[in-house]
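What follows are several structures.
Next come two complexes, and both contain chain A; in the first it sits with chain B, in the second with chain C.
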Partner chain A sequence: MSKPNYDLEHHVKKATGIGDPQCFKDEAGEAKFKVGDKVRVKDLPDVFYTRTQAYTRGATAIVAELVYESPPAEDEAWDNCDNPEWFYSLIFRQKDLWPEYPDTFAGDTLETELPERWLESA
Partner chain B sequence: MSSPTRNRVLGHLDYVGLLQPAIHKETHAPYPDEVTNEQYRAYTRAAHDVGGERDVPISWEEKEEEVWEHNTFVTCEVLAWRGVWNAEERRRRQNVDVGQTQYLGLPYYGRWLLTAALILVDKQFVTLTELHDKIDEVKKRYE
Partner chain C sequence: MSKNHKAAPMVDEVSEFEILELAVRELAIEKGLFTAEDHQQWTEYMHTLGPLPAARLVAKAWLDPEYKKLCVKDGVKASLEVGIDWVNQMPTKFGTPSDYCNLRVLEDTPKLKHVVVCTLCSCYPRPILGQSPEWYRTPNYRRRLVRWPRQVLAEFGLQLPEDVEVRVEDSNQKSRFIVLPVRPEGTEGWSEDQLTEIVTRDCLIGVAMPKPGKTANDVRHIRPAVNPYGH
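On to the complex of A and B.
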């Protein structure tokens, strides 16, 4: 067995002086959603890795901002950076996430960022 | 056969027998038809995805970082600058690949440090026997 030949500098070369995720700007194509859209988080398989919190699956949210383009965590975690996606900052109602959330705080929200592959129109 | 090493090893084996996934039920490599879809999902989830899991309150302690923790952080950043991993691969390895038992059972920077050593073995920068020999050499300095 021979040793694999890793390109040790490809990310350094891409991001130095620019930043990450800024170095993926304009690589994700047209965004599927816009600010104000109502979306639902898909319940995709998550074996081996994800950063899409289980507690968000199936819940609806409002798109607050298109934050950046980046490979989804599931790809980037194995250094697969060829397919960046739009990331959206999403606002959930706390009452939609936690069944026992008190009515007293019905206006509370939670904001988190997810990549486009996890979202569908709602 | 008894020796300090054997006693440590046997004590270790006893203790490992107490480690179980936190469903408070013994499981020992079950047969396939003994695993429900619910159990499969629980077992294969990313260990760091703890949000929403029921748990007891834990106390908050203000703790300054120790020298070895700073050194571990710097080592991991340098590995990134040298292209050994990116930040997401580091997180995947130290938060998920370690599994639930280590994720919950080891200190935060302990997981960083173990992961830094493991990626150097995984990507063949050092061999595991070299690492074992080095750990043994350093341990002997303190005996």
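On to the complex of A and C.
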């Protein structure tokens, strides 16, 4: 087995004086969704690592903001920064996440951020 | 010292996570990712941080509508005015080792109340808020707040009327969050310093609302478990 060739300074070199996620700006290309779009969270496999909460899978949300570009956590956990994506801030109705959420508080919401690969138009 | 004196252990118990942290840290040092000196310098730096800069940010935003707009648009830039440079100030020079550099300031309105949680771990805007309180890291708070926010807020002493929308912010990626609460009544004509005093850490996480005269977080009483683990 050959010795893996890590570039241990990769992240440091890229982010010093700029910050992370700022250092991935303009690397994701055109965003697939825009503010106000209705999206559904895909239920993708997550064998090793994910930051997409189980309770969001299959739920619909509204895009509130395009927040930044970055490699998704699933890639970055393995030091793969080759494919940055747009990250979206999404607003869910609590009623859509928890079936027993009381109707009295139907206006309550939850906001969280997910990368593009987890989203489809709804 | 009597003859019968026996040295008592300083620490009752080391958790598995502490052992894991130690093991990973030592492996990282052996691998050359950072040095032991780096680690000590970062740790000591992190423990100098506290919530005062964020409290001042809120006070400034209450007094200056233009600054408030900047806070909501670009939290990292707004932090510079309260002396926090998210990127360059940290000893690493690329932000903190555990926190990314995208600060979002969540603006409350009389009809919208934000509250922050990290269900997956305990993401927290440390550069501007310091170390997170113990309860913020507990599975109890993390798993319950997203699903029963009003009940959990009520446990913190915050009972919100029906017509106020609660918005839970689940901090799960590279943004970090602080809440910009509504300026309370009874603070007309106050100076920036006076206003800063009533913006407590709990107000900035969103589990409390600022109130004239209230300048400290509530002390939460811990009741013993009915069926304690291991007994």
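Criterion: the second predicted complex is superposed on the first by the 117 of 122 C-alpha atoms of A that agree within 3 Å, B and C clash if a C-alpha of one lies under 4 Å from a C-alpha of the other, contacts with A are read in each partner's own complex, and residues count from 1 in each chain.
Keep this in mind: a residue touches a chain if its C-beta (ideal position, glycine included) is under 8 Å from a C-beta of that chain, and two chains touch if they have at least 3 such contacts.
Every value quoted in this text rests on a predicted model; they were computed, and no experiment measured them.
Student: Determine, under the contact definition given at the top, whether A:D96 touches first (chain B), second (chain C), both, or neither.
Tutor: Neither partner.
Student: Who touches more of chain A, chain B or chain C?
Tutor: Comparing touch counts on chain A for chain B and chain C gives C.
Student: Quick one: classify A:A73 as touching chain B (first), chain C (second), both or neither.
Tutor: Both partners, chain B and chain C.
Student: Applying the document's definition of touch, where does A:D46 land relative to chain B and chain C: first, second, both, or neither?
Tutor: It touches chain B, and chain C stays clear.
Student: Touching A:G107, do we find chain B (first), chain C (second), both, or neither?
Tutor: Touch status of A:G107: second partner only.
Student: Would you sort A:E27 into first (chain B), second (chain C), both or neither based on which partner it touches?
Tutor: The answer is neither, since A:E27 touches no partner chain.
Student: Does the superposition put A:Y55 against chain B (first), chain C (second), both, or neither?
Tutor: both
Student: Go through the superposed model and pick first if A:F87 touches only chain B, second if only chain C, both, or neither.
Tutor: Second partner only.
Student: After the superposition on A, what does A:I18 contact: first (chain B), second (chain C), both or neither?
Tutor: It touches chain C, and chain B stays clear.
Student: Taking the stated contact definition, name every residue in chain A that is touched by chain B in one complex and by chain C in the other, in rising order.
Tutor: 8, 11-12, 20, 51, 53, 55, 73, 97-98.
Student: Touching chain A in the complex: which residues of chain C?
Tutor: 31-33, 76, 86-88, 92-95, 100-102, 104, 119-120, 146-147, 149-150, 162, 165-175
Student: Within their complex, state which residues of chain B touch chain A.
Tutor: 44-46, 49, 51-52, 81-89, 91-92, 96, 123-124
Student: Residues of chain A touching chain B in their complex?
Tutor: Per the touch definition, chain A meets chain B at residues 3-4, 6-12, 20, 46-51, 53-55, 73, 76-79, 81, 97-98.
Student: What part of chain A is in contact with chain C in the complex they form?
Tutor: Those residues of chain A that touch chain C are 8, 11-12, 15-23, 51-53, 55, 67-68, 70, 73, 87, 89, 91, 94, 97-98, 101, 104-105, 107-115.
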